[in-house]
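See the structures that follow.
Look at the two complexes coming up: chain A is in both, with chain B in one and chain C in the other.
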Partner chain A sequence: MSVNDDEFVWFRDFFGRKTGIYFEDNKRYFVDRRLTARMQATGHKSCLLYLRFVQFQASQSEFQRLVNAMTVNETYFFREDYQLIALVDGVLDDVKKRKKPGESIRIWSMPCSTGEEPYSIAIYLLEHWPGMADADVEIIGSDINSAVLDSAREGLFTDYALRSTPPAIVAKYFKQVSDTTHRLLPEIREAITFTQVNLSNPDETRSYRGFDIVFCRNLLIYFDSTSRREAVECLYGALNPGGYVFLGHSESMSRISSLFTISKAADALVYQKPL
Partner chain B sequence: MRRILLVDDSHTVRMYGRSILTSLPEVQIEEAQNGIEALEKTIAQKFDLLLVDVNMPKMDGYTLLRELRSRPALWSIPAIMVTTEDKEEDLRRAYAAGASFHLSKPFDPEFLRRSVALLLGEGA
Partner chain C sequence: MGLVRKKEKTAAKGELRFRDRSKEDLLDQLRDPQASERRWAARDLGEYADTMPVLCDCLATESDEAVRAAILTSLLKQRSPEIALRLSTLLRSEDAALRSAVVDVLTDMPDQFFQIVDPLLRHEDVDVRILAVTVVSRLPHPAVPALLLDVAERDAHLNVVAAALEGLGECGTTEMIGRVQAIAARFPGNAYLSFTVSAAAGLIGHRSC
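So, the complex of A and B:
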């Protein structure tokens, strides 16, 4: 049971059209292994028959399983924390000063994977942003992968995911449930709303509006150039005027779009939607 | 030489499909305007792949596929079903009728070529 060149190229195109994610040739082994596993799990004897099954299955549940298999990204708490520092050291204060009383500050973590990023933001704000005293902050975590969202809601994390988390923070916000596993306290888990969304599907992203800050880290690097530009336009539409985007450290907005103004907050580059 | 039959009642769509597929190597393209004409041609001549529109007068795409699949000599010819939308019901009917692959209109030239190349490769 294997995947031939034509099947790989066809699948890459099919998957890219639906998700924006483009697998370079060097991802061939990664893709083949996951396709083969799904072929076996669904009892298909050839890749072609499996691909036929995926495209005709009206419920799309097998396509979602493929998405889940192809989009797992390992992450950890307080990754690239210089961006969190930027958040509490300028960005949030700037957003807050434009808010009328009673208006909430809305933060979108997209993609949120298994929840480390939105939870890190929540904890970091509680610990380090004095503005929390009189601000209402809403954090939404979204991902295309339904399995990581289930895991995020569950709130169970290993030592490995907490490798950059100070022990005092682990003690304060987590309950140890086994030698290597910790469960985030319910008050933090319940503070984040998790939703499934495909950034490449305008029907799904249409309702995502009125955000002040978007964390979109290490997603656009997996997109082809057209999907990347469309995704950035989607983020632009999702933001309030004056809102900010944080990208991953290796990503640059200037190569994708000129919609945003680039500036520096603490040690981080941030992209602002013009007021 | 691989032979492809384009089955669509629209002259424009057939022209469009032909213009896209002629860039594939070693491919010869024939046309049929409806299911009945396609069935007659497929019985009389050898084809390696069919590109079949769903909605056609006289005999629609689903009926054509069921007719092909009921004939031992034709049951395994790869056939791409072309629908106007990704409607669940269309997908279900196309699958049940025996479509190999599915494309929705308006089809992207590159994806059409890729799908045809994949299905032609399998028959080699």
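So, the complex of A and C:
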């Protein structure tokens, strides 16, 4: 059971068109392993027949399983925390001053994977942003991968996911459920909304509006140039005027879009939609 | 005050665009006085290949940068040699931001751009030739070094030659060094060109070390 060169290229183009995620040649091993596993799980001995099955299956449930297999990304709590510092040290105050009474500050974590990012944002704000005393903050985590969203809602995390989390925070916000597993307290779990969305599908993204801050970290690096532009267009449309985008440390809007102004908050570079 | 959760169905705020989204409606909305309406129309028209000429026409007159970006993204989605050709006419625009945006998009459609590049590299307008060289220099394509060397050896204008040399500095091959150095003789006594030749040859040589 194997994937030949033609099948790999066909899959790469197909998957890229549907999700925006483009696998370079150096990801061949990663792709082959996951394709082979799905072929085994569905009883297909030929990759070509499996790909036809994925393409034409009416329910598209296997396509979703394939998406889930291809998009599991490792993350952890308080990753790249200099951006969280920037959030509470300037960005949120700037957003808050434009809010009318009764308006929530809306933060979108996309992609949120298994929830570490939106939960980190929630905990960090509760711990470090004085503005929480008189502001409502709504946090929404979204991902294309339905399995990671289920996991996010469950709120179970291993020591490994909490490796950068101070012990005092673990003690305050998590309940230990086994030697290496901790469950986030329901007050935090239930405060975050999780939704499934494909950033490359305008039909799915058009209802995402009115956000003040978007965390879109380590996603654009997986996209080809067209999908990157589409994704950034989506972020632009999702943001209120004056809203901010945080990208991953190795990512940049350069050569994708000139619609945002770049500025520095604490030690982080942030992109702002003009007012 | 604190963390709040809205009802699931309102997490993604409801559809704020109440207008019809048929192709004909979207084409109408491209002329809407509100830039946000034009932007959404341009984005949604990206699904309709036959509307690309209209989007190209709009690009020439559209002044809002966000609408332009949406138009360019839709054109990129539907990329074709015809679209590349129509975009290339905007390389003559007086609007520097538009020229720059067009260069970026043409760079992202290398196969289509290569089909229309020859006339651009021989265009009567020096600025068009320079921008065409800029796009070529950025393309990840094996034909690029030879194309740039041809421009550097042939073009009569100093700035076009210098742009080609700059590109060669990034992608030229060691066997080209002699021909690159010989280009200085095309503009005898010109210190700028001489410096550019040295820099390009130096960069090519440095990469081969």
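Here is the rule we use: the second predicted complex is superposed on the first by the 275 of 275 C-alpha atoms of A that agree within 3 Å, B and C clash if a C-alpha of one lies under 4 Å from a C-alpha of the other, contacts with A are read in each partner's own complex, and residues count from 1 in each chain.
The rule is short, and it goes like this: contacts are C-beta pairs under 8 Å (C-beta built on N, C-alpha and C of every residue); 3 or more make two chains touch, one makes a residue touch a chain.
Being a predicted model, the structure only gives us computed values, none of them experimental.
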Touching partner for A:R229 - first (chain B), second (chain C), both, neither: second
Touch count on chain A, higher of chain B and chain C: C
First, second, both or neither for A:Q55, with chain B first and chain C second: first
Which superposed partner A:V137 touches (first chain B, second chain C, both, neither): second
Which superposed partner A:T195 touches (first chain B, second chain C, both, neither): second
Touching partner for A:W10 - first (chain B), second (chain C), both, neither: first
First (chain B), second (chain C), both or neither touched by A:D159: neither
First (chain B), second (chain C), both or neither touched by A:D150: neither
Chain A residues touching chain C - in the complex, by the definition given at the top: 104, 122, 125-126, 132-140, 188, 190-193, 195, 197, 202, 206-210, 225-226, 229-230, 233, 236-237, 255, 257-259
Residues of chain B touching chain A in the complex: 88-89, 91-92, 94-95, 99-102, 108, 110-111, 114-115, 117-119, 121-122
Residues of chain C that touch chain A when the two form their complex: 1-6, 8, 11-17, 39-40, 43-44, 46-47, 65-66, 69-70, 72-73, 76-77, 79, 97, 100-101, 104, 107-108
Chain A residues touching chain B - in the complex, by the definition given at the top: 4, 6-7, 9-10, 13-14, 17, 48, 51-52, 55-59
